[in-house]
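The same subunit A turns up in both complexes below, where it pairs with subunit B and then with subunit C.
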Partner chain A sequence: MTHHDCDVLVVGSGAGGATTAAILAEAGHDVLILEEGPWVEQGEVRPFSLAQMDKQYRAGGVTVALGLPSIAYTEGRCAGGGTEVNSGLYWRPPEETIERWRSRYSIQDFRTDDLLSICEEVEEELSVQKVPGEHTPSSQIMRRGADRLGWKNDEIPRWMAYPEGAGATEGTRQSMTKTYLPRAFAAGARILCEHRLDAIVRTGRRAVGAEASHDGESVTISFRDIVVCGGAIQTPAILQRAGFRHRIGRTLAVHPTVKLSARFENEVNTPDDVSVYQVKEFSPNISFGGSASHPGLVALALTDNWRDFGRAVTSWPELAIYYAAITSEGRGIVQTIPGVRDPLVTYRLTKRDRDLLGQGLARLAMVMLEADAEEVYPSFKGAPVVRNRADISTMASSFAASKASVMTVHLCSTAPMGDDEKRCATDSHGLVHGSDNVYVNDAALLPEAPGVNPQASVMAVAIRNARRYCDERAG
Partner chain B sequence: MSQPNEPGIASSAVTRFAHDLLAAELPALPPDRRADAVGFVVRRVESLPSIMRFGVSTIGLSVDAVGALVGRGRMRGMITRLPLPLLAEYPRLVRSLGFAYVWETWPDTLVDGGAAS
Partner chain C sequence: MSAVSELTTIDTPANTVVTGAAGWLGTGLVAALAGDGEYGRGGTIRGLIRREEGSSHLPERVELITGDVTDPASLDRLFDGLTGDIDVIHTAGIIHPVKSTNEFDAINHVGTRNVMDAARRAGARRVVHVSSNSPFGTNGARNDRFGNDEPYHPYLGYGESKKDAELAVLEAVGDGLNAVMVRPPWFYGPHQPARQTTFFTMVRNGKFPILGDGGQVRSMTYIDNLVQGIVRAELTDTKPGLGWWIADAEPYTVVEIVETVGDALRAEGFDVKPNKLKLPSLAGAVAEKIDTATQKAGRYITQFHVLGEMNKNIAVDISAARRDLGYDPQVALPEGMRNSIRWCLGQGIEL
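What follows is the complex of A and B.
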C-alpha cells in the first residue's frame, strides 16, 4: 500500500481541477491531484477518433443517460479532462445568466464584473482567439447558410495557438495539460494519473482521508481539505458514496442535441476539426453548430435510417455533420447504487424540450439547404431525405424526440452552488453543505446549463472559488 | 457465412448477435473485417458503465436464448423492426458501434460492406 500526504487533494484535472490546482499551488498550498485517466500528449491519438475515445473518454465514449429518449453523453477521462478532447470553443458566461444565477440561487459575492475579469485572464492564459487564416469548408457552410437566411451567426473563438495567418486546422490546443496543469506543477503540485478515488473517509463533518486504487494496488491519501472536480457525473457520485446527499445529483442539466448530415457537391469533410461558426438566431433556446465528421461518425449518423441513407456513406468526403442544441427545461438524476461501480444516470426531457428539438432540426435543415446542400439526412428513425423546403415540412411532421439519436457533451448542475440551501448542494463558494472541508469546484456547481459552451463558465467559477479559499486560509 | 472464432468471446451472446447483425446488414463485409468489427463491439460492451453493461448483457442473453428457440435471424429482425423501448436500443447500439468501426477503419468501404476495388 502506498500513502501520500498533502494540504489539499484535488480530485480530477479538467477545467475545474486544473485551474483549482494552479491557484492553490501558487498560493503555497501543497496540492496533490488525483486523476483517474492517463496522461496523453497531444498528437498521440487522432482527434475525435475511436482511438481517442478508447484512451481519453470514460467507457470509450459510450455513456448514456437513460430516458425516453435516452441521451448519449461523453465524459473526458484523462489528464486535462474534457479540455483535451472537446472542440475548444470558448464562450464567456452570458451576463444575464450570471445575474439570474446570483438572484435565483442566492450566490454571494458573485459579481458579473469579477467573473468577466477572470474570463479575461483565462482568455490570455489559453490564447483564446479566432482563426487567423482560412476556415474549414464545414465552417463556411454554416456561415453561408445562416447569412443567406439573414440569421445571426458568429465565429466562436477557441483555446488554440496558431502560427501567424494559419488556417483552422493548424492550431495547437491550449488545453489544461498545456496551460494550468504545467502552472500547477511549476508551483509544486503533484499529479497521480490512472488513480481512481474509491472512497472518502469521514469523521462526522470532516473528510480525513481518501482511498484510491492504481493497477490493483491500494493507495491512501491524507489531506487537510479535499476539492472534488470529477465533472457533473462523477462528482455527485463521489459525494454520494461519501454519504453526502443533500441536493447532490438531483438536478443534472444538459444541452440536448439532435444531428443531421448534409451532402454537398464538393468535398467538405474535415475529419479532425469542427465548424467554429455557430448560429445564435434562436439563442438561448436553440443554437446550431458543427460536429466531428470522421467517416466512422458519418456512418454512425446515418445508421438510424440505413436502408434509405446508407448509400450516402460512400460520399463521406462530401458530407459534414451538424447539430441543433437546446436549453432544456428537463432535469436528470445521478444516483449511486451500493455495490455498483458506476452511477445510474437518467434524464427526462419536457414536452417543450421535445418540441424545441424538432424545431431546431427543421431550422438547421434550412441552413443546410440555403448553404447549397444537395441532400440532408436527419438523425432520427423514419426521417426522409431532405432535398427542398417541402421535405423539411415532411421531416418536421414525422419527427419525434423518442425516435431521435439525442446526445450531449455539456453536463452540469449536479451540485449547484448558492446560499439557498433548499436549492443548492454547496454554499456560494463550493463548500458542501453538511461538511467542514469537502469542496466541489467544477461543472457540477453551475446552477443551470448556461446555454453556451460551459467550460469558460466552469473555469471562471473555479478560479473565483479557489481564490476565495486561498484568501480565507491566508486570513 | 463465416462464424466468429475468437477464443473467449465466441460463446458470448453479444458476439453472436453482433456477428449476425453485421452479416445481415453488411453482407459483403469480408469475414476478417467482420471479426475485427465484432471484436470492437464486444470490447466496447465490456467497458460500458456497470448498469448499462448489465442491461445490455441481460438483453443480449435473453435475445440469444429466445433466438435459439425461434431462430436467431427471426429474433434479430423482430427487435430491429419493432419500436420496443430499451430492447430496440440493443441492435441500435451494436449497429452504431459496428458501423462506426468499419468506416473509421476502412473509410472506402461500400454500402454493403464490400471493399472498394
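What follows is the complex of A and C.
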C-alpha cells in the first residue's frame, strides 16, 4: 500500500481542478492532484475522433441520463478533463447571469467586475483568440446560412495558439495540460494520474483522509483540506459517498441539444474540428453550433432513420453535423447506488424544453437550407429527409423530443454555491455546508447552466474561490 | 429611422382588386381605400363577394363582382374590362369553417392558388396575400419571438391550409408573379364578426377562460395597423416572395388582454365583473386534444379550438416590416379595444 501526504488534495484536474491546484501551489500550499484518467499528450490521439472518445472520455464517450427522452452526455476523463476534448469555444459568463446568480442564490462577494477581470487573466493565460486564417467549411456554412436569414451569428474565440495567419485546424489547444497544470507543477504541485478516489474518510465535520486505487492497488492520502473538482456528475457522487447529502446532486442543469446532419454539394467535412461560428439570434433560449463530424459520428447521427438516411453515410465527406442547444427549465438528479461504480443520472425536460428543442431543430434546418444544403437528416426516429421548406414543415410536425437523440456536453449545478442554504450545497466560496474542510471547485458550483459554453465560467469561479481560500489560509 | 427614407414607394394603381371584400378584414380595407383618409385612393376599386354575402355595409364606390375563390371562372370575371395597372389584395379565407374542415383546404389553399393564377393571367402589377401566424405554429417559450423568416410548423387544419397557401404564392412568384405576403396574428377592431363580440361579453361577465397564470403571450393586430401594413406591402418596392409580420408594436399577455378589455368596457360605462374563470393549464391541453381529434374527423368546434389555442404563445417581431416597409403601427391595445367597443355600440350590438 502506498501513502501520500499533502496540505490540500485536489480531486480532478479539469477546468476547476487545474486552476485550483495552480493558485494554491503558487500561494505555497503543498498540493496533490488525484486524476482518474490518463495523461495524454496533445497530438497523441486525433481530436474529436473515436480513438479520443475511447481514451479521454468516461465510459468510451457516452453515458446516459435516464428520462423521457433519455439524454446522452459525455465527460472528459483524463488529465485536463473536458478542456482536452471540448470544442474549445470561449464565452465569458454573461453579466446578467452573474447578477441573477448573485441575487437568487445569495452568493457573497460575487462581483461582476471581479469575475470579468479574472476572465481577462484567463484569456491571456489560454491565449483566447479568433482564427487568424481560413475557416473550415463547416464554419463557413453556419455563417453563410445565418447571414442569409439575417440571424445574428458570431465567431467564438477559442483557447488556441496559432502560428501567424494559420487556418482553423492549425492551432494548438491551450488546455489544462498546456497551461494551469504546468503552472501548478512549477510551483511544486504533484499529480497522480490513473488514480481513482474510492472514499473520503470523515470524522464528523472533517475529512481526514482519502482512499484511492491505482492499477488494482490501494493508495491512501492524508491532507489538511480536500477540494473536489470531479465535474458535475462525479463531484456529487464523491460527496454522496462521503455522506454529504444536503442539496448534493439534486439540481443537475444541462444544455440539452438536438442534432442534424446536412449534405452539401462539395466536401465540407473536417473530421478533427468543429464550427467556430454560433448563431445567437434566439439566445439565450436557443443557440446553434457545429458538432464533431468524424465519419463514425456521422454514421451515428444517421442511425435515427437508417432506412432513409443510411445511404448518405458513404458520402460522409460532404456531410457536417450541427446542433441546436436550449437553456432548459428541467433539472436532473445524480444519485449514487451502493456497490455500483457510476451514479444513476436522471433528467426531466419540461414541456417548454421539449417545444424549444423542436423549434430549435426546425430553425437550424432553415440555416442549412439557406446555406445550400442539398439534404438535411434530422436526428430523431422516423425523421424525414429535408430538401426544402415544405419538408421542414413535415419534419416539425413529426418531431417529438421523446423520439430525438438528445445529448449534452455542458453539465453543471449539482453542488450549487451560495449562502442560501435552502437552495445551495456549499457556501458562497465552495465549502460544503455541514463540513469544515471539504470544498467543491468545479462546474458543480454554478447554480444554473450559463446559457453559453461554460468553461470560462467554471474557471473564473474556481480561480475566485481558490484565491479566497489562500487569503484565509496561509500556505 | 433612416432606413425608411431609403424605401421606394410605388404609385397607387389604376385598379385595386380585393378578394373577400365583404369579410371582416375586406370590409375595413375597402372602406379605407375608398374613403378619404390616409389610405384613400383614386381609380377603380373592385371587390369579390360571395352570392350569399350582404354588401350594404360596403362603400358604394366599390365595384362588386359576385363569385368565389373556389370558382376560377368567377375570378376571371373579377378582372374583366380593367385597363391600366392592377394590384390584388387577397384577403379571402376561412378561419372557422361551417360545415367541415375540408373547407380549409378548398378555400384557403386551392382558393389562393386560383387567385394567384387569375392575377397572373390578368397581368397584375403587385399582389398582397394575407397570410397568418398559423403556418408557423407557436413559440416554444414565452420570451421567444418569431423572426421574419421562420420554419413552417402549421397548427392544425387552418395552419396547414394557410401554409399550403403560402407555398402556392411562392410557386406563383417562381412563375413570375410579383406577390408578397403579410402575416397578421389575431386581428381585432371595427367590423369584427359576432364571435369577437362574444369575447367582450365574456370579459364583461368575468368569464373569460384564463389558463394557468395567464402569462401566455400573444401578438395581436388592430385593423388599422393591418391596413397600413397591407398598403405598405403593396406600395413599397421590394423583391417578390417576401413576407412580413404585421402586428401591434409589442405582444400582450393574456392577463393584459383581459384586463385591457375590462378597462375599455368600464370606460364606456359598462359594469365589468372581476374575472373569475381561472382554469388549470390542463384544461387548455384537453381542449387542444379534443380540437385535434375532432378536426381529424373533419369536424370543427370553435370553442375547443379557441380554448386549446389560449394556452399557446404566439408572439412575433415586427422589426423586418419596420425596416423593409416603413411599417409603424399607430394603435395599441387600449385604444384599439376602445374603438372596437364603440363600433359595436354604434352598430347597436349588445355586449
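Note that the second predicted complex is superposed on the first by the 473 of 475 C-alpha atoms of A that agree within 3 Å, B and C clash if a C-alpha of one lies under 4 Å from a C-alpha of the other, contacts with A are read in each partner's own complex, and residues count from 1 in each chain.
As a convention for this text, contacts are C-beta pairs under 8 Å (C-beta built on N, C-alpha and C of every residue); 3 or more make two chains touch, one makes a residue touch a chain.
As the structure is a prediction and not an experimental result, all values here were calculated from the model.
Peer 1: Using the overlay on subunit A, decide if subunit B and subunit C clash or can fit next to each other.
Peer 2: Superposition check on subunit A shows subunit B and subunit C fit without a clash.
Peer 1: Using the touch definition from the top, say if A:W39 reaches subunit B (first), subunit C (second), both or neither.
Peer 2: The answer is neither, since A:W39 touches no partner chain.
Peer 1: For A:V340, select first, second, both or neither according to whether it touches subunit B, subunit C, the two together, or no partner.
Peer 2: first
Peer 1: Going by the touch definition up top, name the partner, subunit B or subunit C, that contacts more of subunit A.
Peer 2: Partner touching more subunit A residues in the overlay: B.
Peer 1: Looking at the overlay, does A:L300 come into contact with subunit B only (first), subunit C only (second), both, or neither?
Peer 2: Touch partner of A:L300: subunit B, not subunit C.
Peer 1: With both complexes overlaid on chain A, does A:R389 touch subunit B (first), subunit C (second), both or neither?
Peer 2: In the superposition, A:R389 contacts subunit C only.
Peer 1: With subunit A at the apex, figure out the C-alpha centre angle toward subunit B and subunit C and round it to a multiple of 10 degrees.
Peer 2: Roughly 90 degrees separate the directions to subunit B and subunit C.
Peer 1: In the superposed arrangement, does A:V62 touch subunit B (first), subunit C (second), both or neither?
Peer 2: Only subunit B is touched by A:V62; subunit C is not.
Peer 1: On the A-aligned overlay, A:F185 touches which partner chain: subunit B = first, subunit C = second, or both, or neither?
Peer 2: neither
Peer 1: Using the touch definition from the top, say if A:W316 reaches subunit B (first), subunit C (second), both or neither.
Peer 2: A:W316 sits against subunit B, while subunit C stays out of touch.
Peer 1: Compute the least Cα distance separating subunit B from subunit C in the superposition and give it as a whole number of Å.
Peer 2: Shortest inter-chain C-alpha distance (subunit B to subunit C): 22 Å.
Peer 1: For subunit C, which residues count as touching subunit A in their complex?
Peer 2: Within the complex, subunit C touches subunit A at residues 135, 137-141, 143-144, 147-154, 163, 167, 320.
Peer 1: What residues of subunit A sit close enough to touch subunit B in their complex?
Peer 2: Interface residues on subunit A, with respect to subunit B: 49-50, 58-60, 62-64, 68, 70, 294-300, 302-304, 306, 310-311, 313-314, 316, 337, 340-344, 381, 403.
Peer 1: Spell out the residues on subunit B that touch subunit A in their complex, using ranges where they run on.
Peer 2: So the residues of subunit B touching subunit A come out as 25, 40, 43-44, 47-52, 83, 85, 89, 92-93, 95-97, 99-105, 107-111.
Peer 1: Across the complex, what residues on subunit A touch subunit C?
Peer 2: Interface residues on subunit A, with respect to subunit C: 149-151, 281-282, 285-286, 326, 352, 355-360, 362-363, 365-366, 389-390, 392-393, 396-397.
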